[in-house]
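First up is the structure itself, then whatever we jot down about it.
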Amino acid sequence: MTSAHVPVGQAVTVLPRKRIRWGEVGVQALLFLAATVSVLTTVGIVLSLVLPATEFFREVSPWDFLTGTTWAPLFLDAQFGVVPLIVGTLMISFWSSLVAFPLGLGVAIYLSEYARDRVTRVLKPILEILAAIPTVVLGYFALTFVTPLLRDLGLDVEIFNALSASLVLGVMLIPTVASLSEDAMAAVPRDLRDGGYALGADKLQVSTRVVVPAAISGIIAAFVLAFSRAVGETMIVLIAAGQLAQITFDPRETIATMTAFIGATGNGDIPTGSIEYKTIFAVGLTLFVMTLVMNLVSIRLVRRYREVYE
Amino acid sequence: MTTLDAPIQMGRQRRVWRNRLFQGAMLFAMLVAFGTLAVLLVDTVVTGWPELDRQLFTEPPSTVAEEGGGRPAILATLYLGFLVLFMSVPIGVATAVYLEEYANRERWYNRLIEVNIQNLAAVPSIVYGILGLAFIVRGIGLGRVVLAGALILTLVVLPTVVVASREAIRAVPDSIRQGAYALGATKWQVVWRQVLPAAIPGMATGSILALSRAVGETAPLIMVGAVVYVAFDPTILGAYTALPVQIFNWTKQPDPTFQTLAAAGAIVLLVIVLSMNALAIFVRNRYRKRW
Amino acid sequence: MSVTADGSSTVGPFTTKAAEDWKAAGGSDVTVGISGTGGGFERFCAGETDISNASRPIKDDEAEICEQNGVEYVELRVAIDALTNVVNIENDWVDCLTVDQLSVIWGPRSTVKSWKQVDPSFPDVRLRLYGAGTDSGTFDYFTEAINGESGASRSDYSATEDDNVTVQGVAGDRGALGYFGFSYFEQNQSTLKALEVDGGDGCVAPSVDAAQDGSYTPLSRPLFIYVKRSSLEEKEDVRDFVRFALEKQQTIAQEALFVPMSREQIDEQLAKLESATS
């Protein structure tokens, strides 16, 4: 029964009488079922976070949680202010974005506007390789190579510090920013560039004043995605940034991110019951909401600033 | 390209310098990206080389660093890889087919599914770990076993597989479908016999890349307790520890030999992940169809 | 059917070594996790593990949960530990701390940020703290012995259930101070220095002898494993493994850099095991 799905112009074979092809119906049902897996996943995530978090918020007021500046949930005089964890997370995201945004955009402009085809064909796969490095290896690299290097360079960093993790994370995100930005720039039609050249602009001006603004929605989406990935990153910070929940804006110090807290505390067992362990879900929920909001904002931004070239 | 008196006026000298500076900046960006990659690979290989021997693959881990190996972890990672492949590809492709070929975009539930997949792709992997712990390990009581880890990793990479498959299906030109319909094929016949075969290279590429990510994931597995010390080969319903988690555990141990082991494990993991990536790139280039 | 053990990261290396030797002697598979003493008990009393490694005795509320869930157990001592305070090897200004000084540093209201605040004769170096997480038996024991109440501690330090991370932290920072079980110090003597502790009778260095004869106070402590009674009865492997671990305690302890028990202490535990399984 393909009534509503008949594409225009299809030659319809006229059957003597209508017949429901049960095979087709069955297939469609099966496919729909497969598609619902993703919905169930989201439902599962929401449930597994919200239910325990609600219990948590019955004992700890959301206000104290969101505004408190001391995070000491597992100690005798327990304090549940999540601000240090958020500050830690944002510190990492900030410093890594400082690396990833300009460098990623630079790489993108180069690949899109300057590099010859042959060069691009070689470089793009290498970028993909960089993106594919497992984060545990990156964390190990940050701890055993970058931190000693920073110390040798004279920066008095603690053994676990935000800077090493941020630098490595930033480099890891360059491919993300680069590839999405490059896609956006590739979608800008030649005519716009040609128009710029015709007016006497050079390559630099065309790239930065014509192409980039035209592709800005995709570039912003790339930035937001990279930032959101930085927020959600666990292994690099768990290995190299430390577990000391404190409010500091000095990247040379030890910090704790939301993800590191979850990873370190949930290490293998989360028993049902104690308030201490429900903190994992409260923090997890905060993290989930943050990344969700960023994702929605990114979609909005893309829609708002998208230039359509048809 | 002559520089006529143009609306954008600039001294020629300045122009040249600005361009040079900009090109320098871009080159710097490339240098940082590729240079870091090179340094990382070299550092890992050089550090881990001493421990990269048969023992790494044949011996279980040990408290005595010199005697330890990563055999259970490597095996478990391979098992996980296969399980994830067999679970994520069918479901992911089926979802993509549904969304691209069958779903009526006007319906609210179909739009919901689409938005949902986009959001899932942005969820941090550790949140999947929480989900897995609550529902898979505890909820249905599967426990800390390989199958549970595989299920969670499948959920992590599913959005990626779906997105890649959708793009592959979308790239198949409509004329192919139209031709098949014109010959009297049913929708499923069109999909199964025309669209999917044409989309296979794209889907394969996406699946392999998703798989390589699954193999390298650590955070979700930590949450479901890929145990610290496992000295026996993994079975699907048995306790396990995966290679990334094993590397993580070795990294934490201050004994320099363990650090070397960590680097050696990292080499193995990199080889696995990078060869999968290379395979994906190869498939993409070889079978790239020009319509 | 493998034997599952989980719990203290202090006792973990001992059980792991025992498991290795056991396997080499033809025994079965044993898995060892390090969720921390508290975490181990949670799983143990939920019936998930056969053995719970613990660096402190089971608490009353934990025992109650076990009882509620019908989990009966036998408590066995497997080693003695000298809870060691460590500083970076380049720390040349302190060799011994009194319990009071430790309490000043680690107390719940403490805001000590510099070594100079501990003792005016110390240099003004930033004091960075690394220690056990709250799920750790080491934490419970240390806070009780030093601050008088289990769980009473300042919270602004790098806390972890995995003592290896503490080792890394202290080894990487000149002004650092940390604490963990003796075996972790023994394994890292090239980068760490152990402090002597004055428990009222003068400075005593942590050592095998001082732990055994009890002169290293208040930080010598017994290390335990708790074994589920039903596992002992139903799983032969569990019974044999625990017996093996006790009988070979001295060898295992030496290999894993723990403090061995005396023959009488071992026999005492073996007797306890036998009576539990009969």
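Every chain is named by a letter (A, B and C) in the order it is written, and numbering of its residues begins at 1.
The criterion applied here is as follows: contacts are C-beta pairs under 8 Å (C-beta built on N, C-alpha and C of every residue); 3 or more make two chains touch, one makes a residue touch a chain.
Every value quoted in this text rests on a predicted model; they were computed, and no experiment measured them.
Asker: Need the most distant chain from chain A, centre defined as the mean of C-alpha atoms.
Answerer: Most remote chain from chain A, centroid-wise, comes out as C.
Asker: If I count C-beta pairs in contact for every pair of chains, which pair wins?
Answerer: Chain pair with the maximum contact count: A-B.
Asker: When the centre of a chain is set as the mean of its C-alpha atoms, what distance in Å lies between chain B and chain C?
Answerer: Roughly 39 Å, centre to centre.
Asker: So, what's the distance in Å between the C-alpha centres of chain B and chain A?
Answerer: 14
Asker: Send over the residues of chain A in touch with two or more other chains.
Answerer: Answer for chain A, listing residues that touch two or more other chains: 267-269.
Asker: At least two partner chains per residue is the criterion; list those residues in chain B.
Answerer: 225, 227, 252
Asker: Got the chain C residues that touch at least 2 other chains?
Answerer: 33-35, 165, 168, 171, in rising order.
Asker: What part of chain A is in contact with chain C in the complex they form?
Answerer: Within the complex, chain A touches chain C at residues 70-72, 74-77, 79, 147, 158-160, 242-246, 254, 264-265, 267-269, 271, 276.
Asker: Would you mind writing out the residues of chain A in touch with chain B in their complex?
Answerer: Of all residues in chain A, those touching chain B are 2, 4-5, 7, 9-11, 13, 21, 23-24, 27-28, 30-32, 34-39, 41-42, 44-45, 47-49, 52, 99, 102-107, 109-110, 114, 123, 125-130, 132-141, 143-145, 168, 171, 174-175, 178, 197, 199-205, 208, 225, 228, 231-235, 238-239, 259, 262-263, 266-270, 272, 280-281, 284, 287-288, 291-292, 294-296, 299.
Asker: Name, in rising order, each residue of chain C that touches chain A in their complex.
Answerer: 6, 33-35, 39, 42-43, 46, 108, 128, 133-135, 149, 151-153, 155-161, 165, 168-169, 171-173
Asker: List the residues on chain C that touch chain B in their complex, please.
Answerer: Residue positions touching the partner: 2, 4, 12-13, 16-17, 19-20, 23, 29-35, 162, 164-165, 167-168, 171, 187-188, 191, 255-256.
Asker: Using the touch rule from the top, collect the residues of chain B that touch chain A in their complex.
Answerer: 1, 3-4, 6-8, 15, 18-19, 22-23, 25-30, 32-34, 36-37, 39-40, 43-44, 47, 90-91, 94-95, 97-99, 102-104, 112-113, 116-120, 122-131, 133-135, 138, 144, 155, 158-159, 162, 174, 177-178, 181-182, 184, 186-188, 209, 212-213, 215-219, 222-223, 225, 227, 244-245, 247-248, 251-252, 259, 262-263, 266, 269-270, 273-274, 277, 281
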